[in-house]
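Structures are listed in the sections that come next.
Two complexes are shown next, each including chain A; its partner changes from chain B in the first to chain C in the second.
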Partner chain A sequence: MLTPAFVGRRLLGLVVTLLVASVVIFGSLYLSPGDPAALLAGGSTPNPEALAQIRADFHLNDPFWSQYWHWLSGLLQGDLGRSVVFRSDVVDLLASRVVTSLMLVVYAATLIIVIGVGLGSLAALRGGRISTAVTVVTTIGMAAPTFVAAIVFVWLFSTQLGWFPIYGSGSGLVDRLWHLTLPAVALSLTWIAYVSRITRSAVSAELESEHVVTATSRGLPRRSIVRHHVMRNAAAPVLTISGLTVAGLFAGTAVAEQAFGVNGIGALLIDCAAKQDLAVVQVIAMFMVAAFVVINTVVDVISAALDPRLVASAVDA
Partner chain B sequence: MSAAQLAARGRPDVIRRAASIGPLYVFCGVVCLALIVVAVVGPWIAPHDPTRTDVIEVFAGSSPTHLLGTDDTGRDILSRLIVGTRVSLAGPALVVLLSTVLGVAVAVTAAWLGGWVDAALSRVVDILFAFPGLILAVVAVALFGTGFVSPVVALSIAYVPVVARVLRSAAIKERNLPYIAALRVQGASGWSICFKHLVPNLMPLVVAQAAVSFGYAMLDLAAISYLGLGIQPPSPDWGVMVAEGQPSIINGYPQQSLYAGLLVVVAVVAFNLVGERVAQRFETAGAR
Partner chain C sequence: MTSPLLEIDRLRVRLPVNGAHRTVLHEVSLSVAAGEAVGLVGESGSGKSMTARAVMRLLPPRAEVSGDIRFAGASVPEMGAADLRRLRADDVAMIFQDPRAHINPVHSIGDFLTESLRLNGKVTRSAATARVVALLKEVGISDAERRLRQHPHELSGGLLQRVMIAAALVAEPRLILADEPTTALDVTTQEEVMAILDELRRDRGLAMLFITHDLELAAAVCDRIGVMYAGSIVEDRDARELHERSGHPYTVGLLGARPDLLGDRAPLVAVPGRPLSAYEVGDGCAFRTRCELAQPRCGDDVPQLREIAGGSVACHFAEQVLDSRKVVLPHD
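This part shows the complex of A and B:
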């Protein structure tokens, strides 16, 4: 059973992980040699007045834990600090871009789950030639990193086909989705292949399991066996892997957005890292780590609800 | 016994062995070896200076002088790929080395000392799992600037939890074996047991982990170079070359990006397949 104790422990683990991660990300400011104020100015060498201003803005003269508390409570209240390099509030930099990146992640996640699970189930249930075809497709997909897929797409669709825009974010919902199609496909290729392999082996394992053989020998219709005994049992591992994959997509947006000139937080993260704009990098890194941890926890809890044996093994461990 | 195996009998040992491994793995092994050789001797076998520009020979197609053509500033693409091999392989090699050393240290310390040390280290490893390698690398670049070192160190740290988690459970199993207790009774110190017996006995698993990680590290580093956070131009690096060639694709000159991208894919696939094969071998050897 999905006990409150299990959910509670997971939530506690989530909060502890996020707190430690936030200390690490904030504390990274003090890892580098030199003056944190100069670092926050983004590698340029500002005059003493500007440095003093930065020290005051970022509370750099306070003790570490007080600075940290100021930063964290700001984050939680939507005050994300100020970018010295862009001369703008981080909230304003992120506001429009978060939506674009979320759309990209949701788009890619949909492709991964629908096509990945679909191909994997098809290969396991049909077998034969379809299975071989899926093996070939997934082998190629597994070997296609986002940035290589991206340049192949840019080449194919810019000079040869011209079906999809290869640059920019677009405006309006339909146009934006249209612009996000190639980035989403490039981002999801490897993971579609991965999820479909996991799905195939999970479904195959269930097909050969004793209870399915028993159900078949009792003459139950195949359709109902597949639905109630095979897919239901294969769902937990497939969900876990898909969830892990989707959780990691936020970090992957950096490459996909950069490659197609999409104006999202991933591209902003790379831009700010290159310009050494630490204030923005810290906020986006925290956001991506948080998204990863939260999605993982949600998936853990859903998997446990689907397969109560997981709760038992988690309690044992 | 299959026909291939029958045919392999009586041939020299090397060929028989190659036949038993399978042609795909042999091919991948040859690709890996060739890449390693090129990485070592690259600067001497490159037909042209990889950084010499030539305003007249811009975007030249394939020709006897420039086998793969030239880029937007007239530099020879083949020479740049050849010279770039060293840095493209050295990065992942360093990541694997560093993460393996750190991971073994964490795993053996946790397994040997147990108790609160184990609990604390396991917690740290759990939390490190929450940081995707790319994010750690980006934060490192924001702190220390772009270049070869920051991404390599950051990725090494990001790979530690994977190594540590697998080896910790193996080390705990090993520690509970009777021979360790026997060594203790004989008065051997913890250090000497760990270094002379525990770690050497874990080596097969360590090698297996390292072999599998190499391809992934290569992919991550190539992506970081592509994003412009790693090695800086004009130094030749495969990831950098993919990025540098991208603006020219729209003008109808996709060569540089496509060749460099293809090379990344071929290298990663070859090292991955060989790595997995090595891992299988060493894991069965480790299981005895």
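This part shows the complex of A and C:
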């Protein structure tokens, strides 16, 4: 049974992970080379008085933990800081880009789960030629990294056929989805192949399991056996792998955004890292870690609800 | 004479192993009358479980089966999908060796027990639950209502095997196939579970094919015993007469290889050599490599089951074995 204690422990774990991640993210940028005050001043030879003023304004002379606390409490109150490069608040920079990136990730995740789980289940349940065909297709899919797929897609569907836009994010829901289709497919291709392989092996393992022999020996209808004993039991491992994959998309989205000129947080992260815009890099890094950890926690809790043994082993451990 | 409930007639099974087909059953003939308990005894790998699985058509796909299996006169290998499902749902139930692997871990005990009633018998969930609770009490599980809400990992092996027995009985079958039902349990639990199975079977007048490696246990709960070696039945005899009148050297060896808790502390006599798998058997008698009585004849002439002293034995020297037992017995 899914107990409040189990969910509570997972939530506590989530908070601790985020705290540790925030120290690591803030600390690594604190230690990174270069004088932030000189960067903030922007000029080639800033005068010492201006630098001192900047250091005071941005609390750069405070001890590490004090600076960290200042940054973290600001984050928690919704004050994400100011971008030096763009001369605007980070909140305003991120607002529309987060929506675009989320749409891209959700789009890709839907493709991965629907097609990946669908193909994998089909291959395992039907076997024979369908299984072989799925293996061939997924082998090709797994060998195609996002940036290669992106180049091929742009050449074929945008330049040659003109079905999809080459560049940009679009406006309005339908137009945005249309703009995001090629990036989402390029981003999801490898992972569709991966998830379908995991699904196929999980479903095959359940098909051959001893409890399915029992169900067969009881004369249950094949349809019920597949639904209640095969797919139901394969759901937990498939969900775990799908969840990890989707969580990982937040990091992978940078490549697809950059390749298709989609104006999302991944592209912004690359841009700001190159320009040493620390405030923005910190917030985006924190956002990606948070998205990853939250999805993982949700997947853990759902998996435990699907397989009661997971709760038991977590309590024993 | 009425025809038996289950009749296995020269069953031969070959399974695909690494591309080639290997023989796992050479020629198994056995019958179980209505209400009769027949023990199928042999070492691991002798083909006992394969025989039981063949009865329910649970062999792996691409198994080659020849010979016939008839249940109440109907040929099981020739059954269509609907008849086969009816056979499994209504007539024959199987109790497996390892309940932890054979009961779906993600569903509750209640779901597992009522599933066949709900799906096959079209019984409502509450009616099914009532029947299952009554049955759980019969197999010695007192707090049945609580158990129904639990999951398999929360129950001990002994309790789970009782659940498995209840699951087999819930459809009110005519034949039970019990595949080493107590082997995975610890010794004290074994006895309880065996006693429950034996009692419920007798109460209901069910036929049973009881598969075990334990000859004494089989003799205690069964009416008749079939002894298997390397994919063939080598002796088939009334359980009460097994000790005095066994006619196959392998049966005699098995009887000697078990400790006698009440009698003298005589040293255990193991059957020499290692058990052969069915596919390793060449020409001649499968047991000849481990047999004291083996003669050149045993190497090229496969002994067939023949009627001897009220049972059937597949040995060229069965009379000699029977005689030697008679001579030896008074000295015991």
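Everything that follows uses one rule, which is that the second predicted complex is superposed on the first by the 293 of 317 C-alpha atoms of A that agree within 3 Å, B and C clash if a C-alpha of one lies under 4 Å from a C-alpha of the other, contacts with A are read in each partner's own complex, and residues count from 1 in each chain.
One rule holds for everything that comes next: a contact is a pair of C-beta atoms (placed from the backbone, for glycine too) under 8 Å apart; a residue touches a chain by one contact, two chains touch by 3 or more.
Computed from a predicted structure; not experimentally measured.
Room for both chain B and chain C is found when the two structures are superposed via chain A, with no clash between them.
In the superposed model, A:128 makes contact with neither chain B nor chain C.
Using the contact criterion defined above for the overlaid structures, shared-chain residue A:172 touches neither chain B nor chain C, since it reaches no partner. Of the two partner chains, neither chain B nor chain C is touched by A:48.
Shared-chain residue A:221: touches chain C; no touch with chain B. In the superposition on chain A, A:146 contacts chain B only, with no contact to chain C.
Within the superposed three-chain model, A:213 lies in touch with chain C and out of touch with chain B [touch as defined at top]. Looking at the shared chain after the overlay, A:251 reaches chain B, while chain C stays out of its contact range. After the chain A superposition, the centres of chain B and chain C are separated by 80° when viewed from the C-alpha centre of chain A, nearest 10.
Here chain B and chain C are compared by how many residues of chain A each touches, and B touches more.
When both complexes are overlaid on chain A, the residue A:63 reaches neither chain B nor chain C.
Taking every C-alpha atom of chain B against every C-alpha atom of chain C, the smallest gap after superposition is 10 Å.
Comparing which residues of chain A touch chain B with which touch chain C, the overlap is empty. Listing the residues of chain B that touch chain A in their complex gives 126-127, 130-132, 134-135, 138-139, 141-146, 219, 222-223, 226-229, 239, 242-243, 245-246, 249-250, 252, 254, 257-258, 261-262, 264-265, 268-269. Against chain C, in their complex, chain A makes its touches with residues 209-211, 213-221, 224, 228-229, 232-233, 236, 306-309, 312. Of all residues in chain A, only 17, 20-21, 24-25, 28-29, 31-32, 39, 43, 143-148, 151-152, 154-155, 158-159, 166, 248, 251-252, 254-255, 258-259, 269-270, 272-274, 276-278, 281-282, 285, 288-289, 292-293 touch chain B in the complex they form.
Across the complex, chain C meets chain A through its residues 56, 58, 84-90, 93-94, 96, 98, 101-107, 115-116, 119-120, 151, 153-154, 167, 171.
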